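One chain, chain A, links the two complexes that follow: it is found with chain B in the first and with chain C in the second.
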Partner chain A sequence: MFTESLEKGRKVLSNSLTTVAGLRQLAGLALIFIAAIILSPRDRDTMEVIFLSQANLTDIVRQVSENGIIAIGMTFVILTGGIDLSVGSMLALASTFAAKLLMQWPTDGDWTTHIVIIIALTLLMTMSLGAMMGFAISKLKVQPFIITLAGMIGLRGFARFLTDNANIDIGFGKDITASFCGMFSEKAVVMLTFIILALIFYIILSRTVFGLQVRSIGDNPTAARYAGLPVHRTLVLTYALSGLLVGIAGVIHAAQNHQGNPNDGVSYELDAIAAVVIGGTNMAGGKGTIFGTIVGVFILGVITNMFRLKGIDINVEMMCKAVIIVFAVWLQMPRVRK
Partner chain B sequence: MKKILTTIVLIAAVVALASAGDKKLVIFSQCNNGEPYRAAQNASFKALWAQDKDVTFQILDAQQDNSRQISQIETAIRLKPSLLIVAPNERGPLSEVMGKAKAAGIPVISLERDIENADNYDTWIMSDNYAIGKLVGQYIVDYLTKKYGEPKGTIVDLHGLLGVEGETKRENGAFDVIKAYPKIVKVGDAVANWMQSNARDRMTEILRTQPQIDIVYGHNDPMAVGAYLAAKALGREKKMIFIGVDGLNGVGGGIEQTKDGILAATFVYPPCTDKAYEIGEKMMNDKSFVPEKQYNVESMMVLPDLAKKIYKAK
Partner chain C sequence: MESVITFEKVNKHFGGIHALRDVSFSIARGEICALMGENGAGKSTLAKVLFGVIQPDSGTMLFEGNHHAPKSPLDSQRDGISIIFQELDLFPNQTVAQNLVVENLKLMPAQGGFVSDRKLARITRPWLEKVGLSVEPNTPLNQLAIAQIQLVAIARALSMESKLIVMDEPTSALSSSAAEHLFELVLKLKRDGVTIIYISHKMDEIFRIADSIAVMRDGAYIGTKRRTETNLDEIVAMMVGRTVEFRNRQASWRKERVVLAFESVRTRLLKDISFELHEGEVLGVAGLVGCGSAELGKALFGLDALTLGSITINNRRVTRNSPQLSIRRRVGLIPGDRKLEGLFMQQSVSDNVSITVADKNQTLGFIRKKGVEGLVNKTFEATKIKAAHPGVCINTLSGGNQQKALVGRWLLADSSILFLDDPTRGVDIVAKQDIYKIINELVKEGRSVIFVSSELTELLGCTDRILVLYRGAAAGILNTSETSQEEIIRYAMGLNLSETEHRGAR
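Then we have the complex of A and B:
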């Protein structure tokens, strides 16, 4: 009798906490935001709080965009109970592939069409590679960690192979590459891409059948299978989606860095995973939101900015981030004891 | 609520530890603290700027990541520093953001490496890597001529990060000299990204396939030392010589290794910090001062005898 009522109480508490979870994450971000305002140095001339200046705030959005776009895909993957370790290498491959095509594929005339085709080819490639990993995970029943670890190694090799280890610099003349960099390194374009993608995938996850399937598979794969959910198709689509989003981040990365660099993107997977878990997504799958992930991305971004404005050593920054990740996850844990 | 408060107090405490006053701000964006040459630059700069009581000196470590260095400089611009010194990780990616700093009215020094667009910095303080490469090339020719009576022999070439100005010029300088002697043959060619550990691995592979090697040319000292360690592990370190570039003084630097006979020679690539400090200070304090577009800091060759004379532990 007692255990029954305890269980009932736990459920009520857990459910109510899940509904306010989003708000709680926002409270975490708000607190870090306030800390950043208090600690921000002031402008030498105008005495304005530098952190709050429009230039600085938009800098933050630009700086988190790539990680944000990757983290959206990572959220879907983690929701299915998986993980995608290949995103860093995939980003390097996408940026290198796009830069190589831009430099070496001759064009006469319509640059815009040419650029659109190159981006489409790049995204098609990353999406297919993602789908292949999803297929292997679903059909071969090998753990996602292992398949995407193999992807991480193999894609890095492929990116380096494509350019013979060298970097491809783009956008320094008056050619098509300059036009490409001009378009996609623009701060507003980078920010808008991130925001629009976040909105689209927020809707896909929370309002569509596909979103429900993703969450159901992570929540209870066996039940999902018995309930007749298209588990295989959903997994393939999820990893393809992650590939697509990383491809988009890779194209932006190439434009912003004026370079396709096969050695870039190292440890980007960890940044994305960090943002997802700070955002309250359960690593075992099933529970999590895009909203939470975006909050997680911004928590990391604002902290980084706060430390940089203070000129604090990057090693101290990394140690503090580690503590903050643990704190953030702890804060969001349902406060229920067994 | 308690949890949240604890979190915020912790963050605030850590961040408050390092706060700057109303002094002039000098920011140095370093591409990678992880290399010994860079650590020497940082230490030298810290000592130099500590002489100016009205200056707060900050180092940003980009950890060999272009995106991170771009973001760090972007944020640094918001702080309106009195001087920005950048050791760019790569020529292409850093070009635009350095231009933004200059456009914001901040005096910008490009340290050691240059960038794609020379309009995007005020002055470039460098040492001529091509000239160093030529010194290396001449040393190799002289050494082999002395050894065999004519310029012939085999060399192994260990590269740093490809595409970087220093790497390209150290390579071209040396081989523009060597290519006049067709009997000097390159039998090993590997990329070790400036890292001792990478060089050790690459050299082990080369040693397995090449029975005869006369000289190993590491484009920096750590790579030459890595190659030495690989040869030593196979008992072959006495059958060849190792030469490197950088010539840092102090414990673990190229000068010490040359003094100890691990390297046969090192070619000093000066950290350029003294010159950067001198010019940077003028740019900050004297508004009428216009720096030259480029300053060249001289290099030199250090053989064991000279190394013994100039070595300083600290």
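Then we have the complex of A and C:
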């Protein structure tokens, strides 16, 4: 009886300690948050800290949403021990593809159905392209870096080819494109999409067989084969998942910017990778969480916001970001040695 | 006798674990001192402290009368101490010669500032010859068998002209003849005045070559015995704090029904293997390194394709094979290299154990947490895994417990045919006994086990029959009750084959 209750107590304690350890990931974000409050300009009349105003805080969430959605997919890819360099080009392709369909597909009133079909087609395309890359990585056994680098080049070309290098402007008038932009540039819609996706994929990674297989394959591919895991299927699914999420980000991107620009999304892959890494995911695979990635996304987002509020030169911002990324990763590294 | 190394009240904590408790003892110059203890007793930790990989929390060391407080392995190397770790920490993609030279204070000056393969070969070849390794120095390490890699590690230690060499489980991956060769080397080193700390679990080796036997238990030093003044039972009692029975199998559960048959199976590395496995049978597999025992498992499990011949499981011929199909046929494989091929080192013990059954315990892709928890707890009981709780990361467990987790994974998968590739390698004596018991339980339930081992005593103790392999071919199948270590070794060396067959087997 006594040993049983002792055991129970120990379990509760160790579980709560694990929770506290999980909060360590938040230390970096908290520090940057405090810095942002201190550095923030104040409203001249009310002396309110502008950084903390509701408008600014929700702006941050909206601004990080695209990178956040991409970074969720990137987390899965990196967990398998891979990398997806194609996300920037994929985003450009998704937004130009959606914009082109919106502009060129004649409609007669039933806009909603049209918009749903167009989004579905866009996501289907990005998902298939992701699956193709996953297939090549798994079957041809070429390194993910190479395959997705090829994807990065090829998809950019495809996006430009679709529009003959031109931008497709949308949402300037009273047509379906305006309705589309209105729908998906709404702050609440953008924020909710990001938050709901983060929740869904948090659960998928931590609670499903697929999540366990993703982590295991990245941890030890040989052992995964020996344990009879469906390595091929999991890799294809992971890259398809990344494609799907980038597609969603691309649709939002087109609506928010009122255009499908085949030259957009340059270096988005690096932002996403940075967020994942700051979030404590092992670049070699096997270890990482969606929660960490979200923290990483917000660390980057708050830094940007902090500098924008101050009106500091963007080049200075980048230099500071570099230092802060290294510092944040260092701060969040597990303290236990050997 | 003059002591070469003295430990004085050395303490080391890892988190809440007291890994070394007031360890104080000394070792005499020119001795072979066997350091023994169960897994987790603190032997490897002590070796790491001595070598400067980790620093003790308190306590001092005296090496040749001088204060020895290495901040890094290079400090130790400078003083004349080298170590051959259990997990040979060499660079697999570099050549043998590069592995010998890197961070080697004695060879680096000879190498000069520029690297030339020819020069490297010239300065490293004498050391390779010294350990009897006949490979080209410019061969990449990953093309060598594990026994040869072990020799590279020893050659590296020799080339540093060390006065004290620590060997951590040097024979754990070696075949009998390679181990023989190693013993000769060790004895020769001793004649040259080198002191050797020899960490091993294998009693027969230790009683052959050691001068003294130091025993550790739970991080504490228990005592040292002269080999000539002690016996196996006393040492085991010191190690475990209680007496352990060395009991052979008393019963056989072998039945007539054949569950698995290999017929003239050939793969890239196997040559014409035929045997039958019965229900409730433990079939041992013996052979020297490179004999193809691991490949046998790969052929069975669908990891290697057959080029000829056939495999029949429960009277049904296997036409398509893969690990996933094997699991569906209730065939399991516990690979020989638990870190490389078996475990997911960044995942929890629970995930490692339940990975193959996760698929069966899901609702719409979601893992049934309660169900899996129950299964994992049952496995913990069956295999006696020692862990704080199932959720801890597997890399916090000792080697023996990691091995038990791997065994537990396949118990959980409910395999009816289980291929165990050297499951007791680098595992302490108590964990070994636990694994023997598990094997016994398995066959009692009517399952069949193929048990590969490099230790003949355990094969003789646990099996019904022993398949001896020689260079990828079956040299013979021996009835365990009618054979002896000598006979097995003769078969394993191909001595039973006539001259013509001998050539054919090449």
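Annotations for the structure displayed:
Criterion: the second predicted complex is superposed on the first by the 313 of 338 C-alpha atoms of A that agree within 3 Å, B and C clash if a C-alpha of one lies under 4 Å from a C-alpha of the other, contacts with A are read in each partner's own complex, and residues count from 1 in each chain.
Note that contacts are C-beta pairs under 8 Å (C-beta built on N, C-alpha and C of every residue); 3 or more make two chains touch, one makes a residue touch a chain.
Bear in mind the structure is a predicted one, so any value in this text is a computation, not a measurement.
In the model built by aligning both structures on chain A, chain B fits alongside chain C without clashing. In the superposed model, A:R225 lies in contact with chain C only, and not with chain B.
Once the two complexes are laid over each other on the shared chain, residue contacts for A:I324 go to chain B alone; chain C is not touched.
When both complexes are overlaid on chain A, the residue A:N282 reaches chain C alone and has no touch with chain B. Of the two partner chains placed around the shared chain by superposition, chain B is the only one that A:N261 touches, whereas chain C remains out of contact. Between chain B and chain C, more residues of chain A are touched by B.
By the document's definition of touching, of the two partners only chain C reaches A:T208; chain B does not. In the superposition on chain A, no contact is made by A:A188 with either chain B or chain C.
Of the two partner chains placed by superposition, only chain C is touched by A:S216; chain B is not. Overlay on chain A (Cα): least separation between chain B and chain C is 18 Å.
Under the contact criterion defined above, no residue of chain A touches both chain B in one complex and chain C in the other. Interface residues of chain C facing chain A in the complex, by the touch rule stated above, are 14-15, 54, 301, 303, 322-324, 326-327, 333, 335, 340-347, 351, 355-356, 358-359, 362, 365-367, 369, 388-389, 391, 409. Residue ranges of chain B in contact with chain A, taken from their complex: 3-4, 7-8, 10-12, 14-20, 27, 56, 58-61, 63, 65-67, 70-72, 74-76, 78-80, 90-93, 95-96, 116-117, 162-163, 191. If you check the complex, the residues on chain A that touch chain C are 11, 14, 18, 204, 207-210, 212-213, 215-216, 219-220, 222-230, 282, 286-287, 336, 338. Remark: chain A residues 27-28, 31-32, 34-35, 38-39, 41, 43-45, 50, 53, 55-56, 59, 62-63, 66, 165-167, 169-170, 172, 185, 253, 256-259, 261, 264, 266, 303-316, 320, 323-324, 327, 330-331 touch chain B in the complex.
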